[in-house]
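In what comes next, chain A is part of two complexes: it sits with chain B in the first one and with chain C in the second one.
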Partner chain A sequence: MAGYRVVVGIKWVPNTQAVRFDPKTGTLIRQGVPAIINPQDLHAIEMALRLRDAYGGEVIVITMAPPPAVQGLEHAIGMGADRAILVTDRSFAGADTLATSYVLARAINKVEREIGRVDLAVFGQETIDSSTAHIGAQVASWLGWPYIYYVKQASLSNGSLRVVRQLEDVIEEYEAKLPAVISVLAKALRPRHVSLLNKLRARTERPIITWTNKDLGLDTRCVGLKGSPTIVAKVTYLPEVPRLKKVHKAENPREAARWLLKNLLSDEKTRDLIARALWGEGSA
Partner chain B sequence: MGDVGRKVPERFDVIVVGAGPAGCAASYMLAKSGFKVLLLERGRGPGSKELYGGRIYAQPLRDVWPDLDKKAPIHRWVTKERFSFTWGSRVVTLEYRVGRSVSFTTYLPEMAKWMADRATEAGALLVDEVVVDDIVVRDGRVVGVRSGTDFLRADVVIDAEGVNRILLEKLGLAERLDPGKVAIGAKEVLRVGEGAINDRLGLSKKEGLAWLVAGDVTEGVPGGGFIYTMKDTISVGIVLHVGRAVEAAEKGFLRTSIHGMVEKLRLHNYFKQIWGDADVVEYGGHLTIEGGLGLVPKKLYMDGFLVVGDAAGLLLNTGYTIRGVDFAVTSGKLAAETVVEAFNVGGPTEENLSVYESKLKSSFVWRELVKHRGISEIMSDPYYFTVLPALLTSLLKKLFEADYEEPTIMDAVFEAASEEDISIAKLLLKLASVVGRV
Partner chain C sequence: MPRVKCEDLCPEWPCEQPEEFKNVWVYGEIEPGRGIREPSLQMLTPARKIAEKLEGKVVGLLIGHQVTAYADDFIKYGADEVLVVDDERLKEYYPDVYGHVIVQLSLKYKPEVILLAATMRGRELGPYVANTLRAGITADCTDFDVDEKTRDVLLIRPPFAAIMLAYIRTPFRRPQIGTARPNVFPLPPRDESRRGEVILEKVDIPKPRTRLLKRIRIEKREVPIEKAEVIVSGGKGLGSPEGFKLLQRLADMLGGVIAGSRKAVDAGWIPPERQVGQTGRSVKPILYIAVGISGAAQHMIGVREAGRIVAINTDPDAPIVRQADYSIIGDYREIVPAIIEELEELKRKGPKAIEELLK
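Showing the complex of A and B:
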């Protein structure tokens, strides 16, 4: 194959904007909530597709998830990915980021063995349902590949990768030898829409492979819940700020801002709440 | 990447645009007859862009899916019909206990998914998340569809795009939507619980209630409220005539938004007792056809092309019943039959597909639309949405809210009319014209 083989890791997540909170138990009600591709991963797919469009090669999208995630992989194929791999097994359930990254890294190894050399692995910045931003770094560690995150732009030449990385106050440029792992800055690119012929291809050609642990042959002590050392020790919920139900019809923006400021600061209880929400308990 | 799977088919016999009731019915019938059908949907999954009040008339759907009663996601069979006039805190309600239930309640996205599943089981290919930008015409013949830069060929394209007829407009078959011919609906879904619904409305298991409300719930704008019982939720909503609502808003009479009206209906003392403080679990809005034949496109067929469902303007709102889904399914079925017959007699030429129009015009759908064509004028006249409920509630106030002396009915009518500043002569004239039209 001429060009580069790029693997994109995506996560199939509950749409947290549609998730409701159970006020009694303090947990998320996930039942009946539609799942989506983690929105930031769409930017990772887009970056991979742009690299392929510019240099040739292929984009393989991979996810570790229960079978309904095929819907997300079809979406990725619809955007233009060449093929997709669903890594799924009951024993993978309950995984933390360590166990997940282990499975993904071994799946990438399997891609290398069975499909061919992988030049680049691309991930989103973080997920909307857990926000750890671990996966890219951990996969890179398992594979022993260099890792660069907050990547805004990437280009490839002569077996190396050049990226522009954007931090809060600086823009850095890096060069790394391939193979490498990058994670893409949130909202770095505008993900393309699904196209008719690509989506049709997703439905007719079935370019989606499924791998279970029978195919991967991983030690069950290293995957799923058993392979996950992370323990959620305690969850504390921030106090909910009660709504005052005041409505003000402003004459203009300036007057609206003035009214808002006056109201927020004149009431002692509100002032306390704002302080606590901003700087934590005891700060008032 | 030639190593994965077979190639994308270059052409389909039929491409159906829109996986709503009409598109799904057409796809199902055609796939069952052995046609290679592609069903395209812009939303994520069939029905994901749909919204309606809550009720479907069953028999026309049974004509397509005989196993409907057993297999479809039916929430409740409507056994109680209610109609209320509201004026301030006063409400007049008429209830009818039906002898034989002919309609059921369900969520439309759930129902559309069921219909689409029937189509794909029969062999149709469903592709969602794809927007069709154009129906492609060459030398006066429809040859396929375009989406972005992709073109896909088909012998026949069936337009089931719904009430927003972007494709028909581009083809020059429909005008831009006239606000006078459409209504906007907004609704909330309240989680009440199955047992509570049954207890509070006197329903047995699987029995449902359909309730239409007219009067000041729409603040004088033609339209009304609706209440439908689902399995464990109740849908509450408002429909407004768009043209009249815009007029009223521009003149300053109408200051409440439609979602504000839905909220007022939800908080209305008389209705609120049914759902109490139930959570709003969902809300949404959609355009709908105001009714009558006003939105039927210039042509329902072209060489290689048919129009079905809402896109074909097939919806009837008589004020006491609203029929859309059954009309859509019937039009999809007739379109499919037409295509099958056309291929038996030489292909989907304009002449062969013109049979669709004659089929449609001799079907109950068209007969209903013609029979009730006067209704749209009534349904867009603010008079009936202000004067009637005002008079009726005022009349009943005279009859039932007397401390000592009760007036005779005739006295009550005239007293109520003069109190509400209503001319009885004008009312009688109006009512006579209603009878004449309907």
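Showing the complex of A and C:
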């Protein structure tokens, strides 16, 4: 194969935006919550597709997840990815980020053995359901590859990678030897839509393969719950913060404004603050 | 009987007993030429709480070139000891290079806990260190506790939906590693009289496999929203970026800053570093004025520690109304200008106007 082989890790997540809180029962309503590709991962796919379009090669999208996540892989194929791999096994359930990254790294090794050299692994900045931003760095650690997070531009040449990345206080340019791992800065790109033609290809050519642990042959002590150093000991609801809950229906804006200022100026928590803002230090 | 049975562990992990580990480490992220970044110093606050319960020491970790001088700051802010690796080859920060330095120190000293600030660099460095040690890591903790019987640290974080808290523990692996976002914990008071030991360490330094070619600073002159006493925050309900101009006028009158909800950030009306909430910043102003914000759990978790919350919303059933101290039900386009006018009038009349108003 000429060009570069790029693997993209994606996660199929519940659309947490759609999760609602039931104030009567004090619980979450998860029923009927649709799943989506983790939004940041669309940017990772887009970055990989742009590299392939510019330099040739192929994009392989990979996810470790229960079977329904195949819908996410179909979406990625629809965007233009060349193939996809669903890594799935009962024994992978309950994995924390370390156990997840272990399976993903070993799956990438299998791609190298059976499909060919991998030049770059691309991840999203973080997921919306756990938002840890762990996986990319952990996969880099398992593979022993250099890694660069928060990439917003990338180019390839002669076995090396050049990127621009952005942090809170700096924009930096780096060069790295391939193979390497990157994560893509949130909202760095404009992910392309699914095309009908590609979607059709997903249906007819079935470029999606499934690997279970029969294929990977990993020690069951290293995967899923058993391979996870962290465990969730318990989950509780956050206690509600007591608030005054005074409500004013505004008939007349000026009167509503006066109601608010009256309250804030007779409230010991805010009185001095407002006085200081209006008349300066010492006026309170 | 040993707590960790080696035959039950993944063979990729080293088999060690928790009792072999002690002390709480805090990684000190360096601002080149300036010192330890404040978010790292803030981590001394939970580190002290954990160390007291575990009866261990708080140890600061300094890695870089010409960083030994900063050890004193670590101690004055609360570290008992500082471990320093000061080497010319560490002049540039590369996460895998710095990561390997921390890994080697950890293999030698066996810390029970390592804390990092969840700055963008901390979020990239932490998981590499944890994974290379085959240890667990918990991101974005909002609190820590200790189970004194097992000495397990409970790493507490909001999962999934922001209204819940997950208590995470790492029973069979040490060190226990956690990160927390900037300003979740306060900076401990600086104590000039504190003394502590500074240990200079030498370790193998791997060659970097990435090379920095260029760095441009993004200068920020504005007050970060985490430090503001008054925040006027806007949401999707503003309807347009112009709405923020109005909010800015109100903020100026009150000596505050503007911020926004995620939807306002997604719409491009306000920059991401001004987003309040679970995936934005946690703020603790004395006064938080939420304008056109519905009050989703993921937003409200960022203002739990606000002194007073004011909501301005057209919808009396918006969730924020149940979570605010003072709510005005009305269109912000009328209410906010009215508040500004009232404030201007008060300002003109002077402090004695308060009595008149309160009559």
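The definition used in the following text is that the second predicted complex is superposed on the first by the 220 of 284 C-alpha atoms of A that agree within 3 Å, B and C clash if a C-alpha of one lies under 4 Å from a C-alpha of the other, contacts with A are read in each partner's own complex, and residues count from 1 in each chain.
Operating definition for what follows: a residue touches a chain if its C-beta (ideal position, glycine included) is under 8 Å from a C-beta of that chain, and two chains touch if they have at least 3 such contacts.
Computed from a predicted structure; not experimentally measured.
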item: Chain B versus chain C as contact partner of A:Arg83, first or second or both or neither; value: first
item: Partner chain(s) touched by A:Ile108 [first = chain B, second = chain C, both, neither]; value: neither
item: Larger contact residue set on chain A - chain B or chain C; value: C
item: Which superposed partner A:Ala188 touches (first chain B, second chain C, both, neither); value: neither
item: Contacts of A:Ile45 with chain B and chain C, given as first, second, both or neither; value: neither
item: First (chain B), second (chain C), both or neither touched by A:Arg206; value: first
item: First (chain B), second (chain C), both or neither touched by A:Glu58; value: first
item: Residues of chain A that touch chain B when the two form their complex; value: 34, 58, 75, 78, 82-83, 193-197, 199-201, 203-207
item: Chain C to chain A touching residues, read off their complex; value: 8-13, 94-96, 99, 119-121, 123-128, 130-132, 134-140, 154-155, 158-173, 208-218, 220, 229-230, 253-256, 272-273, 278-279, 286-287, 297, 301, 304, 307-310, 316, 319, 321-330, 334-335, 337-339, 341-343, 346-347, 350-351, 354, 357-358
item: Residues of chain A that touch chain C when the two form their complex; value: 16, 19, 21, 23, 28, 96-98, 101-102, 128-138, 140-142, 146-150, 162, 167-177, 180, 183, 186, 219, 221-222, 226-238, 241, 243-250, 253-254, 256-267, 269-270, 273-279, 283
item: In the complex, chain B residues that touch chain A; value: 1, 4-9, 38, 40, 44, 125-132, 145, 147-150, 152
